[in-house]
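What follows is chain A paired twice: with chain B in the first complex and chain C in the second.
Coming up: the complex of A and B.
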């Protein structure tokens, strides 16, 4: 069963009285353990697609199944719960909670899930070690470099033990070295633990390392390396 | 962790939080001090009037209040006084003969209420002896002594030891005349009272008017604590249904109004200040929501339920208000406590204060319970003020909020 199964998905906005098809009939299946990059020029619909797959945005028509469960007909409350337990997010601007330390940012998600304090402490330590910044656990995001913040964001995304991680332009604000280190880390996690990553990106460094590349243009899939 | 985040969020913008907390603190100080000042004024007036003039309740012949005629007297009044004195809560009882009189000197005439007091017990129900500014209190050693206010003495252009003539309507309806010697001048906080009353001994007034032995116009009773007045008055009514028993509230509607409305007015004033502060809090929290749109969107995206986001913002507002509220209450306790100890001297407006029965030295009053109520009001204001900004936050769509510039 695919982790993500988007079937003939459309997303249409009203723009100046005219319909704008941000996503125009995309079908996409992502299997467990994939390391996939969705690429394309700005405005091609990659972020919209990720938002819909992540339950952040509604679809106009079609179906989206996550682990076999349809999410396009869920209520807002169900989607919130679904995101909390089954999807990890990494954002371009890190989006950590600035008043919490690195460790607290990771534990926060677990607390929302109702994980006990002792278990939260163990898991957050393991995750910080896994992303290589255990020594920064008690430092707030404002005092971490961009690369370190994004590592915390990855650890936070994994804290809920999700079925997959959606990463929207995760390297856009990072320099080459931090990008390389972050991607190496994610690839290692993918290889060792089988964690599924789906990126929306136009960063060539991500594209070069992705095992599967799905190219969009005008809201449609124009190429998919898995199909070749 | 929600509390934790909310508390730390309060201090993300220290300057802004301190400004709004200071506004709350000083607003509260203004409201609490105004309330304490009004309560001090009102209670001083009530205490003063009760202690000098009215007592907690009075007993009359049922017909007496209609025209305050000396014909309607209480008989065997000394026995009644002793009976009332035995009731629990009673700390003072005394009888008086009260009539209307014209007091004349060579230079003028004044229409007054003349009260013949029982020298043995009058100190139990009136502190007029402490209000003397010249001369001595009434005593059996003096012949036909009279007390009048300094104000009346000035109007009549009389001095201590001067003789004045009082014309009084007797119980039989005749006008009788009697000479009295001014032995003391008093001055209370109430210039209306001062201008309208003179005091002589019960024996002298009875002798002048032909009042029956053992009779009096009224019995004045003091009880403690003040809130047992109704209970004790009811006991007297039950024992003597043929008599008219009226509490200070019945005797002085203006005083009743003061007692009932001062507190309400103080709370109303405080509520207006808190409402104004509430708008300040709404403004601050709206700015917070606007500034943190992306962060709120991120929290939604990560799976934080909207209800939790709502509560997080509510806690944040509550913390901010509690910081200001606590500072305001501490300031208020200090300022009210200090002025309560030393008094607030408003002598510059002394004449105006005395004209309406207030002491120009005001001792603001408040209670611990009041401060708890204020704390509750601040918290309620904070929660109400937080609702609109929090609802605005909940209307954000995560996909759009994450892309916000802020």
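Coming up: the complex of A and C.
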């Protein structure tokens, strides 16, 4: 069963009184353990597709199934709970909670899931070690570099033990070295633990490392390396 | 962790939170000082009123509307004993009063002549302490205590004999020649009644030719003034229709009205004060909500329900208000306590105003816990209203727009 199964999905906005077809009949299946990059020029619909797959945005028509569960008909509250337990997110601007330390940012997700304090402490330590910044655990995001913040964001995304991680332009604000380190780390997690990553990106360094590349244009899939 | 999150968010922008706290603190301090001062003044006015007339007055039926000595009542030992058995009644002040002309030499002035038990009278009105010349009255003594302004008008001095002439009980002539035992001054208690004289109860009965045990009023003193209405009902039922039983609220309506009108003014001022503080708090909360929309979007995206997000914001507002109120209380309490022990003396024209209302010329401060509870509740309601704005904002939160800043 695919972890992501988007079937003939459309997303239409009203823009200046005219309909804008941001996603125009996309079907996409992502299997467990994939390391996939969704690429394309700005405005091609890659972020909109990821938002819909992540249950952050509604679809105009079609179906989206996550691990066999249809999410496009869920209520806002059901979607929030679904995201909490099944999907990890990494954003371009890191988006960590500034008043919480690196460790607390990770534990925050687990606490929402109802994980006991002792287990939270163990797992957050393991995650911080996995992303290579265990020594920064008690530091707040504002005092971490961009690369370090994005590592914490990855650890936070993995804290809920999700079925997959959606990363929207995760390297856009990072320098080359931080990008390389972050991607290597994610690839390692993908290889070792089989964690599924789906990126929306136009960063060639991400594309080079992706094992599957799905290209979009005008809201449609124009190429998919898995299909070759 | 939601509490931790909320608390740290409060201190995220220290300067802004500090200013908001200062606004709340100032509002609480000013509000408490104002209300404490008002309630202190009301307490003094009520105490003065009650000292003069009792918490409850018992008269003959119709006496209050037609103050004739003919409507006096018998206050024999049995009646007094019966009243004293009522729960909460601690003392009784019998008085027999009417009006008479008081003459000395070629000068005459009408005056209220009050026959009273000198010992009991002093217990409540501290009348003996007001004597500025001569002595205070003693029970059974034949003599009169004149208000200084009346004595001055008549030109009478201690030891002089003054003539009292008026209408006595049941149409008899009230006439007597009494020595001036002492002269008292009511400057601290008010000086409205320029013609006022006290005589011992027995001498008053002789003057007005009233039977033994006859009084025009019985002032009933209670241990707890708050039970006045309930006790009055009990007394009215017990004494029957030949008596009228009135609380001080009925016998001193002008005091009640003055308190109500002053209190309404105070509440209006408080409203303005808290409105200013409320808008200060609202500004902080709205600013804090607007500038963190992206953060809220992300938290909702990663699995924090909107309801719990709204709870965090609610706790933040409440925490800010509670800290402000606690600081306000900590600042206010010592000040109020100090002024409770050391009332502020007034001067100039204010002295006259205070005297007009029969209260000592001081601004006392009340320590009634109700004042503090009321202020706390008002601020809490204000916080609840202000906290509803970010809650509405969270309910309307659109994740994508929040995260992208659109």
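Criterion: the second predicted complex is superposed on the first by the 228 of 228 C-alpha atoms of A that agree within 3 Å, B and C clash if a C-alpha of one lies under 4 Å from a C-alpha of the other, contacts with A are read in each partner's own complex, and residues count from 1 in each chain.
What we mean here is this: a contact is a pair of C-beta atoms (placed from the backbone, for glycine too) under 8 Å apart; a residue touches a chain by one contact, two chains touch by 3 or more.
Keep in mind that what you see is a predicted model, and the values were worked out from it rather than measured.
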- Message: Based on the shared chain A superposition, would you classify chain B and chain C as clashing or fitting together?
- Response: clash
- After superposition on the shared chain, which partner residues are touched by A:100: those of chain B (first), chain C (second), both, or neither? both
- Message: Quick check on my understanding: which residues of chain A belong to both its chain B contact set and its chain C contact set?
- Response: 51, 54, 56-57, 76-77, 80-81, 83-85, 89, 91, 93, 95, 97-100, 104, 107-109, 111-112, 156, 160
- Task: Enumerate the contact residues on chain C facing chain A in the complex.
- Result: 1, 4-5, 8-9, 12, 294-295, 298-306, 308, 399-400, 403
- Footprint of chain A on chain B - complex, ascending: 1, 4-5, 8-9, 12, 294-295, 298-306, 308, 397-399, 402
- Task: Please name which positions on chain A make contact with chain B in the complex.
- Result: 51, 54, 56-57, 76-77, 80-85, 87, 89, 91, 93, 95, 97-100, 104, 107-109, 111-112, 156, 160
- Note on the structure: Listed in rising order, the residues of chain A that touch chain C in the complex are 51, 54, 56-57, 76-77, 80-81, 83-85, 89, 91, 93, 95, 97-100, 104, 107-109, 111-113, 156-157, 160
